[in-house]
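Data block below; observations after.
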Amino acid sequence: MTNRARVLIDCIDQKGLVYKISKVFFEHDLNIVSNQEFVDKESSHFFMRSVVTGEFCAKTLKEDILNAIGRDAAVKVAEPRKKNIILLATKESHALGDILIRYLDGELDANIVGVIANRDNLKSLVERFNIPFVCISADGLSREEHEELVLKELEKYDFDYMVLAKYMRILTPNFVSKYQGRIINIHHSFLPAFIGANPYKQAYERGVKIIGATAHFVTDDLDEGPIIAQDVIRVNHRYDWRDMQRAGRDVEKIVLSRALKLVLEDRVFVINNKTVVF
Amino acid sequence: MTNRARVLIDCIDQKGLVYKISKVFFEHDLNIVSNQEFVDKESSHFFMRSVVTGEFCAKTLKEDILNAIGRDAAVKVAEPRKKNIILLATKESHALGDILIRYLDGELDANIVGVIANRDNLKSLVERFNIPFVCISADGLSREEHEELVLKELEKYDFDYMVLAKYMRILTPNFVSKYQGRIINIHHSFLPAFIGANPYKQAYERGVKIIGATAHFVTDDLDEGPIIAQDVIRVNHRYDWRDMQRAGRDVEKIVLSRALKLVLEDRVFVINNKTVVF
Amino acid sequence: MTNRARVLIDCIDQKGLVYKISKVFFEHDLNIVSNQEFVDKESSHFFMRSVVTGEFCAKTLKEDILNAIGRDAAVKVAEPRKKNIILLATKESHALGDILIRYLDGELDANIVGVIANRDNLKSLVERFNIPFVCISADGLSREEHEELVLKELEKYDFDYMVLAKYMRILTPNFVSKYQGRIINIHHSFLPAFIGANPYKQAYERGVKIIGATAHFVTDDLDEGPIIAQDVIRVNHRYDWRDMQRAGRDVEKIVLSRALKLVLEDRVFVINNKTVVF
Amino acid sequence: MTNRARVLIDCIDQKGLVYKISKVFFEHDLNIVSNQEFVDKESSHFFMRSVVTGEFCAKTLKEDILNAIGRDAAVKVAEPRKKNIILLATKESHALGDILIRYLDGELDANIVGVIANRDNLKSLVERFNIPFVCISADGLSREEHEELVLKELEKYDFDYMVLAKYMRILTPNFVSKYQGRIINIHHSFLPAFIGANPYKQAYERGVKIIGATAHFVTDDLDEGPIIAQDVIRVNHRYDWRDMQRAGRDVEKIVLSRALKLVLEDRVFVINNKTVVF
């Protein structure tokens, strides 16, 4: 018997969905702690996230919902558990460090199972938090060869999400396809502005007055995946690109941690390269 | 028969409310265009705003909901209609002008039935928009005497909401009680900072780095009513209080218009001096 | 004799510039009310904006500065005067209306000499403010033919700046070259994101969580001119592109008016497709 | 001989100050890398921060400036050196952790000489960064007794600034007077809103739509010292006070670190309970 669960529903819209679902909740004598719905008109998809409490069997609850609204629906009844995450990084410590501090603090509902980096300078930081650190250098390797090694290492871990905490390597479609919808990246620009390399230099060249950062799921298209969270910060003509980079770090880390928290709380649905965030 | 309505519900929370309400919608064969609920735990109040379409009798729908969830509930089935608003002003044109431009544009779902001011310099602006303008000077009058005249004038109009677009007069409890929950004010500070007179001077004296504006319902306590919307803008040591005032005007007008729009769309509920904004 | 002036200097950087310029001020017995300098390292350009008071001959002051720092410098000693602006619009009233209200209010240090639009629906609004309105329809005309007519009309006015207050026509290089550095546009996106047509639709498609607006000088490259001001507003999955458009209007008008104010106060220098904003 | 210095000047305003100072720079054959001035009209104080390079004797440069502008001026010629800071904390790790990560990263131009806390739960975190940690419990002690112990401990360290990284103890005037102008605090509200205890509860009760944080120098008046930096974050009716607290942490840590950085770079002047921030 379960006492608390997140019910996550993604299905084709139809009349009476809220009624049918809330009827199942009612028959299970559940309390609805919070409830949010959304219909994406373009795709005719219905999304719902409910937090329910009571005494119930999660499996039966799920079955009853499927029977009520149709067995094609994607329904999850997620009992509370910490998710496992693995972090990939290169050499910058701000985004990684922000996650580590929150982790130590108990703010993240997650276990960090390890950190993999293509440089070794973060080893000391990570090991201070008693987290396994593996360096897989890319020196002298092709992109494919390096990824092969990383993929092999990844197989050793059991994780729900992979977080690219300023991992400055481009992933191949082969890599991405293995962890579809489970890789979260922080891009150091307000996407879709400044796709690609060195966005701060691009921002400086363009003379923008605001810079930003974007956390998104990784898809095959570089910097084109569904956006989870974004934020910005003001700059002015006194900022050269390194100043922008420094200022941008604060936005990057906050946006990545915010996106990670949303994902860990099962608040993010994906539809057609966009997200619904409850 | 109605084709589209906003259903607004405010009642004591109980198990199964969403089920009971969505059941009524289902039995009336309604489409739920959008739906938002919230339970305020402190007060155990349940709030819901649904936009529904279909072919239905608004009165019957309301009755059926009341029968389903209990007749103590506050239920409105609001068919689409423009609300009437009356504006009170003093001499500044930015907040008033912003509303007038939106009004002309058709952006506001409202009729402006008139403008009452205690100065006459806005007359020319208002009449350009073919809106009745009445000046009721407070010169030589006590607060009560002036309010008496304003109240008498207000009786001539039929309005849902009164908008204080920088009306620089303090209202007495007597005045406020006559239009309980229907007066919207813009205060030129980020409340509760800088309550009372000349908040920009106060902000300057305090050396704040951010200033703001607050739109709220007016209650008996000066600047203490339920907050509908707030926004802020950065300032620095180069701003004297007049610079802050100038910069603040942009925030004031946007916040007031945003709050007004929320109210006109029936998105704002009040509970215990706070608002629920869907 | 002049009592107050803005001194604007743009020259190649050299050692001792501040000393040489402030020496001239000192010898003229001027008070420096405010003073800002900046050196753009990439271009080795020095920029300075000083507000000075005293009793002085503007022409002599300028001569003395040129003699002190070299006659290649661009030096302006701008005595206080209202600048003339002409507005171009199409059919939306929010940006235009915002400027008109500020104009009436005396907030803008400018005379509006006229409004030219390619539609006629704004005529009534503009004429309420006693400003000449001319409609030059583009129906049935090629871009060049239409511009020819607009250029002919523009010749009748004496203006310092042309403000495109949501003028939804692309200007040809021929047109732009005639008013180099004097045309201010508001683009309804956070440039360089969503260049080109219907940025709100693009933003919706991309699923961004923040939208914005950009005021910039117009150059030959569409949406690529020097950025003067930008601002943003949060959106979420509940916004379709029309909701984004509606929300974006508030940002557009505020950003355009802010940029216009900066330009009218001689606070904006241009260097290499970027601006220095004092 | 020095090669690079920050020149900081605070004096009564007089005609020709910029000229006199830049003349000294010129005579020392210095490059002005950056230069900012401000005159506070209320107090008639002139402030200047210049970064200069060249080959010069810092002591002579200072003498020459004093001789040029009057020996009452406060003039510092600060050669580059890391400042020493000591951190005081209680039990929350977010603000402290943020500083530690930046410290490790080399982002802070400072040495952390130690952390003193009135609880011991942060010991493990701090010692991971090889920084001395001392716990001085306040259990069973009067405020004065506890402060006595902290003051005694503080005497063992050589530091320029004391940073209260969520140190949840009120300091007595006696304590503050010993470190006048050298204590930086982060207050978990957008001051002057919600002075005193538990500002998030206060914010929740008031129903604000935006919360914030304020970094300020500590003076005798609780939460009334000169503000260095502020920032805000949006909340809504779905946030209870603990949600506000959680969301607020991100603002707190960023604002404190930003203020600390400004102070370490000698960018902050204080005048009449306000700051000038270059």
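Per-chain residue numbering starts at 1, and chain names A, B, C and D are given in the order in which the chains are listed.
Criterion: a contact is a pair of C-beta atoms (placed from the backbone, for glycine too) under 8 Å apart; a residue touches a chain by one contact, two chains touch by 3 or more.
None of these values were measured; they are calculated from a predicted model.
**Student:** Taking mean CA positions as centres, which chain lies farthest from chain C?
**Tutor:** Relative to chain C, the chain with the farthest C-alpha centre is A.
**Student:** Could you tell me the distance, in whole angstrom, between the mean C-alpha positions of chain B and chain D?
**Tutor:** Comparing mean C-alpha positions, chain D is 41 Å from chain B.
**Student:** At what distance in angstrom does the C-alpha mean of chain D lie from that of chain A?
**Tutor:** Result: the chain centres lie 35 Å from each other.
**Student:** In chain C, what residues contact two or more other chains?
**Tutor:** In chain C, 34, 238 touch at least two other chains.
**Student:** How are the chains arranged in terms of who touches whom: line, ring, star, complete or other?
**Tutor:** Shape of the chain contacts: complete, all pairs touching.
**Student:** Mind listing the chain D positions that touch chain B in their complex?
**Tutor:** 38, 40-41, 190-194, 206-210, 212, 226-227, 229-232, 236-238, 240, 273-277
**Student:** Over in the complex, which chain C residues touch chain D? Could you list them?
**Tutor:** Touching chain D: residues 15-16, 18-19, 22-23, 25-26, 29, 31-32, 34-37, 39, 234 of chain C.
**Student:** Spell out the part of chain D that touches chain A in their complex, as residue ranges.
**Tutor:** It is residues 34, 93-94, 97-98, 100-102, 104-105, 107, 125, 128-129, 238, 246, 249-250, 254, 257-258 of chain D that touch chain A.
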